[in-house]
Structure formats: structure tokens, C-alpha cells
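Okay, so chain A shows up in both of these, paired with chain B first and chain C after.
So, the complex of A and B:
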């Protein structure tokens, strides 16, 4: 029998474990998992095309937690998009920074994890699910716990800004727990910003519980520096008649891995996942999504699109599970990719696992180039080839951006996408 | 619902048609697998030294390998040491014509519905029949040899055409390929060998019928098909086994080599014993099938109808090396009771302007699990590669599962790859439409399933299409989703 040896990167992390007094059970569990299983070894199915351990060994030199550097309003301002007037939550190297945040707490409670010590922590994103959840359990210093009250409809979006920068250490471990009570409605936006061009490793875990008949929108924008590595674990429990929509837009980074799991726990739930990866340079983006239909009459929609230039690599793995009880499920999944260069690579694996018979599930996946005829049509009408290409790509990418529920943020993203399509492709 | 249950009950209680066995006097290898077993087999078959060396090399490689665990199937560990690796019906001399074949043997095939005599006279199909481990008779040899087509058992080919066997054996499926391919390379007993010379269009369907008869044996056959430039051959394969309570192992290797402008069509109707309705017994079918389109403009087409076996693990694949080469895969996989199937294909695009097409139709009933696992890989140099994949699943009853695992790896920007998959049950509207026009629900189901599988069944040669349709009707008769 081949024994998978614990790899070097796991040991490097384990050498830098700092003991914390709180959440001892959760941390112990994480540590145990890491000692036993370690970070994903080469060829592990879940990390097949993303040699994460090797990458960490090569790129990260200090495996201890990055210390925070005081942030100024001037640094933050450019990243607050036009038209925004909601609450702002700033994370400085993974830790909440009250000095530059503005939290009104209207309709919700806002505490650090250490203040509240919520029972729910670690119950949604389970340790054994992914080694990086275990790693987060061990390394996070403090996190945020947000609880949106019953039937509260929060009009303005809540914006999370993550500012990352290596400082003494290079490991950044944010932790976020959001509980949305029955009937509430809320929109979250998230943007991650690198403060310099140096490499670091960020490993956030976000857990969300969506109560009965609640409606939640969560949009993430990923545009970190070209040396950054990030592994994001994002898991949502959705309860009866609730809706959750996730939009993820990835534009840069050295290696980005997104694990997104939606658990549809009761009847009448709806889970939506939309993603766009617009890659150039050597950026490697790996989206692993997982929808678990456990009860009847639920619906899930998924659309991920990718445009890949230079020697970038895009990976999509979408799993849909339909359990035996989940009759009358509708689950749709679509992944489209456009390759623009000889060196770009796409690996996609849309996966369906179905145990119920009365369901409608489908997935589709295409990889190709821009439609020659559409290009010709535009050229025939006097639009230059480059412009025509940009236009078509913009239309291709735009379909995903349409799902962003906050118009001002959508405009901000559209602008950045347009800029990218105009310059680099 | 009670009607559904009744129908499902009927469906699951259907007995396996080919479940009988015949007491034949047999030559068997001692139980278990050691280097001596391999020497014994090799000596028994009077093989040359190079082949024995090749087998032993494979055995050494196999020893260092682990059983694959990644497939979506569950079964108790197979104790290879309790198996017999060779079993052959006793015959004093090699028969010169069919008249000399043991009448009891012929009877077996009569019962299977493939009378060698009849086939010879009426249908004009050349049949090679493999019972347990060895080939027992090949029809139409003379007619074929006039055209230069070689169609014989593998052991005959080793004796009479060693240069061909030596050149191509293991060239498509190397012994290092996987656990079962290595095992097969070490202990394979017999199989079919087929060689189509340059510019020849094989005038008839070539067919092999595999039958496991003896108890406690594993069947390891090896098929090698070589199609030279501008040739064409259509090859059929059928399998059945007796009903036994223990699980039997079938680990075959099929290799196809297609040169320039050659076309090979390979069709399988697999109906190994699937186990009883509690899931006891049945064949473990772990097969490695692969073809290489080595020459430009060559084409390999796989068609399979999988209805039998307790556990199936099978991925007929195409390596599209030649420019403008084409690979096709058409599959209908039906699982019932506690059957498990993990099947699909691999299309590896290496040459320029290569095309592939995958159509997979899964039907699961009872407590069965049916998985499609496929890979489409477009290498960096495969400019203008084109692939279309469609895999549909049909579920009958709420205890079964359908799973899809497609891997799509693209490294060339000019590739156009499409994949589509759907899972559903038979639509109530479809049934209603039929009912409304006076078609009873049961007939309507048959009609719909037949239509669902038609795209694949149409690819089968006439003679097989009949058998396949019969099989499909048998397994799904009266089932309402």
C-alpha cells in the first residue's frame, strides 16, 4: 500500500502554530486533522489540477501570521466604489479594524467571535470537509460574527474590504460567521485588496446560515496581486423557502482556489451560483462548487464563465448532489470557456450525482473561441477586429455580471472588466 | 405508487436468461496466482520464450500495483489467490472443422442462440467462440484468409503470426497501464486476433462470443485488432455467464490499431450474469479497451450495450494521434437490482483536426448505481479539435442513482468542445400523450426507452441490434418510472 506522506508545507505550518485560549475544541480538531491528513498531496482528486502544497512551499517563505500595519483613510478610500453608502467592514490582514470601519448595526448585531463565542462556529464549514478549513481553525486570531435580526430588511449593502499585505509573517486567516434570521433580507459585497506586490497566503473561511424565508445576496470580487495565493472556503446552509445567491468574479492573483458549498436543507430553497474568471498572465483560478440537494422542491442554478489569455489556467469543478429525498429538484449548471492563447489551459469537470428519480438536472459545458461569424458581422459593419473582439468578450462576460444585485457595485465591476478586456486581450 | 411498486417488483424478479451451466471436462490451472501459474499457463499454451518473458515482466509490474479505488463502485475485495486463472474444455485434438467440435460445446452455443453451424450457413458472420479461457472454434476462416484477413484465436496467432503479435501486443494498452491491464498481461489465456491487410474491406462482420462456464475462475482474454491502411472491419463481441452465487472476475484487454484511412467499428453487447435480485453473485467486469487512430484520416468507433455484470468498470477509449482522425463512442448502460456500472470513455486529441463524438445513455432501475465517467483531452498541438459529448441518464424508481463525472481538459485555443448532460425520469406528459392515443403505459415506457436509446442502437450492426433491443426490452419490460 502506498502511504501518503505528510507533505512539507503541512509541517511548515505546524511549526508556526500559536496557541490560542478560545475555541479550543475547534482548534484541536483542526490540528488533529492536519497532523493526520495534512494539506492536499499531489494528485489528490479534489486538488488534482491545483498543486497547492507545492505552490505554498515555493512561494511562501514565512509561515507565520502576518502582523497588521495601521491603515489610513487614504488607503481605503479608492476602494470604496462610487454610489456606496452602506456599512463598511474593514479587515486588516484578516483581523477586523474598527478604526477605519463604519458599522451602524442597524438591523443586525455585530461582534467579534471572541466577544460572542457563537456555538455555530465551525458547524457549517466542517473541519473534515477541506484541509484548509482545518488550517483556518488552527490559525485564525479572531473573526466577525454578524447576526441579522428577524424580518429585518437591510436596504444598503454591507461591504467587506479585506486589505492584505505580508508583514513579518505571510499567512492571513480571516474568519467570518453570518447568521441571517428568518425573513431577513440583506446584500453583502466583498473586495480583497493587496497593499503591495509581495507574496502572501490568505485562507479565509466564511460560514453563513440563511434562516427560513430569508433572501441573501453575496458578491465577491477577487483582484489581488500577482504573487498572492488564496484558498477561500465559503459554505452556506440554506433553510426552508430561503434564497441565496453567490457571485464570484476573479481577475488576478497567482493562485486562487474557491471552494463554494451550498447546502439546501429544507423544501423550497433556492441556491444560485454565478462566477466569472477573467484571467491573463500566469494566474491560476480553481473554482470548486458544490450544491447539496437534500429535500424536495428545491432549485439550483449555476453559471460559470471564463476567458483565458496568456498562460493562465482555469479550473471548474461543479458538483450537484441530489439526495434520495430530494424529489422534484431542478438543478441546472453551465460552464462556458473561451481560450484566447496557445498556452492557456482549461480543465472542467461538471459532475452530477443523483439518487432521486423525479428530478430535472442538466449541465452543459463548452470550450471554444469567439464566434467567427459574429466577429465577421461586426467587422462588416466597420468595427475593427480588436474592438469587435473586445465587444464580444464583454458581452460574454457581461452575462455573469448582470447577476450582481447592487447596481453601483455592478458598474464598478463592469468598469474593471471593460478595462481589462480593452487592454490585455 | 402501488402499481409502480408492482411493476418494479416484476422487473426486479426477472431471472437471468443465460444462467445455466454445463458440466464439461476441463483442464484447469491450480488455484491461486504465482509465477508458477504463469509458467504453467504459458507451457500449456506452448508459447515461445519471449511471450513468457513478457508475461513475467507484467507480473512483476502488477505485484507493485494497487487495486484502483477511484471508481464509483463498491464491492468486497477480490481474493485473487482463490481464483483459477485458466480453465479450458478438454479436447484431445484441435478440431479441424466445426463437425469435430464436442457436441456438448456446440449445444452451449445453441442454447445461447448462437449456433455456430447456423451462423456459418445462414448469416455469414465469422464467429470466434471463447469458452472460459480458450477459443473453441472459429468459423469462416478459409473465406477470410483468401482476402488476407487473419481472424483466429490469440494462441493461434502467437504460433502462426508471431511477428505481428510481437509488434502490436501492448502497444496500445501497455502492461503498466493499470492494475487489471497488468494482471491481464500476466495471465491472459486466449482471445481473438484480427488483422486486416492494406486496402481490404472485410466482407463480413467478425464476431467473438465469450462465455464463462467453469466455477471459481477468472476470465482474462485479450483481443488485438490491427487494421492496415485503407482497410475496414466491423467487429462484434458478446458475453454471457452462468448463474453462480460467488462473484467471478472478468478482466479483459482489447487493443485496436488503425493505420492511415483505416476504419474499425467495435460493438459489444455485454450480458454477463448480473447477480440475483439481492445482489448476490454476478461478474466483476473490469475491462481495459483502447484504440489508437495512428494514421491520418483513421476512425475508431465503439458501440456498447451494457446490461449485465454485477460491477462494471470499463472505459473504451480512443487516442486520436493521426491528423483528421475520428473517434466515436456510443453507449447504452442499463443497471438494475444491485448492479453498479462505472463506464464511459476517453478521447485524447493529439493530431490536428481530430474529431470525437460521445453519446452515452444510462438507464438505472432498482437499487443500482450507474455512473458515466469520461475524459476529453485536447493536447496543445491538436489544432481545430472538435468534440461533442452528450450523456443522458434515465432513472426508474427512487432507490437508484445516476452519476456523471466528465473531465474536460483543453490546452489548445482552437478546440471546440461541448458537453451536455441531463438526468430525468420518463416524463408524465410523454406517458400521457401515449396513453391518450391508446398505448398502454407499459408499451409506452418501452417505446420511450427504445426511442431514448435509439441513437446508440442504430449504430449497432443489424445482427446485434436485434439482440440488443431484445435485451433492453427484457430488462425494462413493464417498468414505469
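So, the complex of A and C:
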């Protein structure tokens, strides 16, 4: 992509580059990209509705990398949801913290990137794809590399907990590389916890390779503090007959940008993207999704739903790319929004580019208010107005939550969503 | 029980009701008939508290309370029930959860204890028989994918669950075949009692063969232009509404 450079924010980062000895080629590439093209300016099409550079300039005061904070088991415990008994991977200001993690490595290998130096790093989420991938290349300190073995079925979910605190330095740069070998099955869950109410910028990059006939579920819950800024780059290569399902629930933050890309690289694969954004205050959430159908007989399903109150803003941009080779593609996309206030804004844009001629593609988007007729119906049965609103909104939002494959985590999310719909709206 | 005096209502500035007077006593069944556009459904909606309608004049007293001052939910809690002409489909809201929430909020308002799940289910089972409604329907989302007849039966089932003092059936018969009509009417008749009153809004006399009214009122141009007994309904069935229109138009001016 060509990026219209925003000099100021780019320079603020470049002033804080620390030299690393590992991954020198990847880091050099990132640096080169940043120097040449920089972070996106206002006119940049891909960031049209999300003035990320300006936001960073205004909100972040220390562009140095956030240091480790002391984390105790007691601090972590309340954030582990009820019913969880899988492996726990804790990130401490973006870096893996073994002292509070519990990794059994049953059925998979677990190393830091510096230990393993995997060749694959940077091959799935390519530097030139997004300026924030380039930025991550330059700034990540160490990341993790998980490899799930062939035909391994990991029964319990693996939970990533990110603890963020703008202590010294406000830039947090996690990096994950996950390789799922052929025939394996695994579920990942992710939650980010802000330990204070200060501004910080987190810029994670997650790369996943899903091997032949492997099945992967990945659910992210985004509920950071009201001043946090995050740009999440998440890219998945899906190989023959494999399935990957992403669920992203966004509830809070100052600005959240999610770049999600699924590459369907061979026949018979399936990529699913589900999202829910429940926004209030001034929260701004931008979901940019991209599914690339490259081969025949693949399927993609996408459903994103938003409920927006106050002066929050939601952006949905869904790209579906069907290449000439990808005959018999089935691709579905849907984005529905409910606006609860005059000041809330939604920008929704389906972007379909279809080069094959024998495909089934559909897309649709709706943005409206709460159904007044349904509201009256419930009231006419004696249900109070606020309760009735909550019931209707929960019914609307619940459809997305149903896709969370881990029941205990679904309950955790359900509870928080219900609480939000019952109180703040 | 219900006293409507000189009720005027309009929607977006257009007057629909132009001075309705009606007295309903406990135990009575009143049928409101009239040609399309005469204001029948508007009257039902205004009584239930639909916000689009603006009451410009008149008053409605229900069991000693000024009904027009109450929110739709409080009217329901006081004992007014509107069976919708077009029941709303609400995907994602389970019929059972919805009903339990409704029943318990109504009970709370009336100072009664909330029903626990077991008690609720047993009452539900009992009331289900009244309208011959299938358990399967109630395990689905509210009215979602229900046939016309199933939706109307579900309305009467909700009525049975909420035990209102005044039930207003808004064209509950339209779109029903004879079998469905019989089932729905049976349900309504079994719920009749000396303490309860019913207003049946209908376009067709057919329903009144099953739910026999004590009084029949003909609504035309937003006013009740003729009242009588069930014989009036028969006459309307035979002669249509034209003679009423002519009569009303000539006396109006």
C-alpha cells in the first residue's frame, strides 16, 4: 500500500528506536518502511475515519517502550474467568512474563521468539501491509512462538492475558507467532487488562499459520481503559481444508483499530469472522477485515454487529477478495448497527472485489435505531422501558456471542455485555 | 371499569378520533366495528399507550385512574391488555424468558411475589392448554417464524398469563381460518369472568358468533355513530357499512 506520511508521529517513534541484535532483517525492513512512508496521515484511505497519528500525538507523551511492571498472582487471579482450567500466558506490558504464567506445553511447544528465531516471523503479516506492522517490527522486544503439534487436539483453551500499565514509557508492542500443524485443533482466548486509567499505545501483531485440516478458534475481548489506544494487526494463513474462526468483542478504549486478515490459501478452507462492538462515551472502534479467497471451494462467513451510544463511533470496512482461481467460493458478509444516540456515528463499507465468475457472495449492512414497535410490544406486556431496551439490545448482540466456542468464556462475556446493556445504555 | 369521554386523538397532526364516548363495566363484552380507516385500531392503540398518537382532548378513566397519564408498561401492570393486530417478531428474545420477565414485573407492581421457575412453568403449562399452543413454539424466539394463527394464539396465551381486567382484542380474527378462529375464541371465552371486561375490535361479524358481545358499537370517521346489541352486528353483516355511512354523513354536517 502507499501511505501518505504523517511526519510528526513517525518522528516521535523514530526518536525512540532502540537497537536490537535479533531479527535484524525484519527490523531494518520496518525501519526503512517507516522512514520512507511513515505512519498514516489523515488523507490515507485505509485510515480515513481513524485519525490515528493525530490521536497518538495528542495522547501519548512518552514514546519509549513501556518497562516491565511487578505482577503478582493476586493481581492476575481476578482476571481469570470462572471455569477456566487451561494454560495461561501472561504478557507484562507486552512481553511474556513466565513468573505469573502457567504453560503446560502439552501438545505444543512454547518458546520466546528470541529463543527460537523462527524463519516464519514476518512472513504472514508482511511489513508493507500496514505501517503499524512495520512499527511493531522495529519496536517489539521479544515475543512468543507457539507451535501446536501435528494432529494434537488441545482440549482446554489457551488464554492470553495482556496486562498493560503506562508506567515508564507508554508504547506496548506484543508480538505473537502461532503455527498450527496439520490436523491439530486448538482454541485461544485473549483479554487485555489496563492496570490504571492512563493513556498508552499498544500495537500487537499476531501471525497465525493454520496447517492442513487444522481447526482453530480465536476469541478476543477488548475492554481496556478509556484512554487506551490500540492498533491490532492480526493475520492468518489458512491452508487446505482448515478452519479458522475469529471472534472480537470490543467494549471500551479510547481508540481501537482492528486489522484482521484471513488468507484462504488452498481448497476447502473456511474462514469465519464475527465481531461485536458495544460502545459508549467517546470510544472509537474501527474494524477493518479482509478475506482473500485464492483457491476454489472455500467459504467465508462474516457477521459484525454494533450498538453505539453517546458520541461513540464505529467503523466497519469489510473487504472480500475473490481471485480468478477461486471458483465455487461462498462468501457472506453482514454488518448491522443500532444507534442509541443522535451523536453516535457508524461508517460501514463493504468492499467486494470478485474476479471469478462462479461464486456466491452476499453482503448487507443496516444501521438504525432500536425497533420502536418491538419496544412498545414489550412495554405493552408490562415490561419497563429500560428493561425492554436491554432485552432487545441483548437479543441483538447475543447473536455474535453465540459464536464463542468456549462456554465458560462465553458466559464471562455474556455477563459483561448484559451488565453494559442493563446499566450504561 | 373503563370510561372514555370525548376522546380526540391524532397522528402527525391528522385527527383520527373525534370524540369517542364509551362506558365499559366489569363482565361486559363490547364489540367495536366499522369500515376501514374509521379509527378502530387507533382507539385500541391509544388505550394501550402507543406513543405515535397524540391525545388532543378528552379523558380515559380506568378503574379510577387517569389511564392517559400512565406509561404503556404501567397500563399493562394496571390490567389493560392489548392483543396486537400484528404481533411483533423479536428474534433473539426467547418466548419463555420474555413472558417470565413480563409476568414478574406485573406481579411486582401489584405487590405480589415473583414466580420461581417451577411455579412459572406449571402455570404456563396450564394456560397453554387454553389456546392449544405447542410447547415447541414457546421454546423459539418470540413470534419469530410463527404463522398468522400461531401469532394470534400466542397473543391470547400471553393474555391468559398476564390476567388483565380489561382485554382489548385488535382485529384478532383477521387472517384466521375458521379452525384458528374457534381456538382463539375458545381461549378468550374461557378467560371471561364477571370481574373482567373485553373490547373486541373487528371488521367482521364472524368473530362475534364465537365471542358473543353484550354491546356493538359502530365507529365511523372517529366517532361512535351507532350502538346496539349483537343484532346490530348481524345487520351490518347483511347490509354492509354504506347505510351507516349515509346515516352518519347526513346527520353530521
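Observations
The rule we apply is simple: the second predicted complex is superposed on the first by the 419 of 425 C-alpha atoms of A that agree within 3 Å, B and C clash if a C-alpha of one lies under 4 Å from a C-alpha of the other, contacts with A are read in each partner's own complex, and residues count from 1 in each chain.
As a working rule, contacts are C-beta pairs under 8 Å (C-beta built on N, C-alpha and C of every residue); 3 or more make two chains touch, one makes a residue touch a chain.
Everything numeric in this text was worked out from a predicted model, so none of it was measured.
Touch criterion met: A:385 reaches chain C, while chain B stays clear of it. In the superposed model, A:368 lies in contact with chain B only, and not with chain C.
Once the two complexes are overlaid on the shared chain, A:324 sits against chain B while remaining clear of chain C.
Legend: residue contacts after superposition of the two complexes on their common chain; A:396 is shown touching chain C, with no touch to chain B. One of chain B and chain C touches more residues of chain A, and that partner is B.
When both complexes are overlaid on chain A, the residue A:28 reaches neither chain B nor chain C. Contacts of A:360 after superposition on the shared chain: chain B is touched, whereas chain C is not. Legend: residue contacts after superposition of the two complexes on their common chain; A:344 is shown touching chain B, with no touch to chain C. Chain B contributes residues 66, 70, 380, 393, 395-425, 481 to its touches with chain A in the complex. Listing the residues of chain C that touch chain A in their complex gives 48-51, 71-73, 75-77, 81-82, 84, 87-88, 90-93, 98-99, 101-103, 105-106, 109, 141, 158, 162. Across the complex, chain C is touched by residues 371-374, 376-385, 387-388, 391-392, 394-396, 398-399 of chain A. Residue ranges on chain A touching chain B, taken from their complex, read 1-2, 45, 324, 327, 337, 339-342, 344-369.
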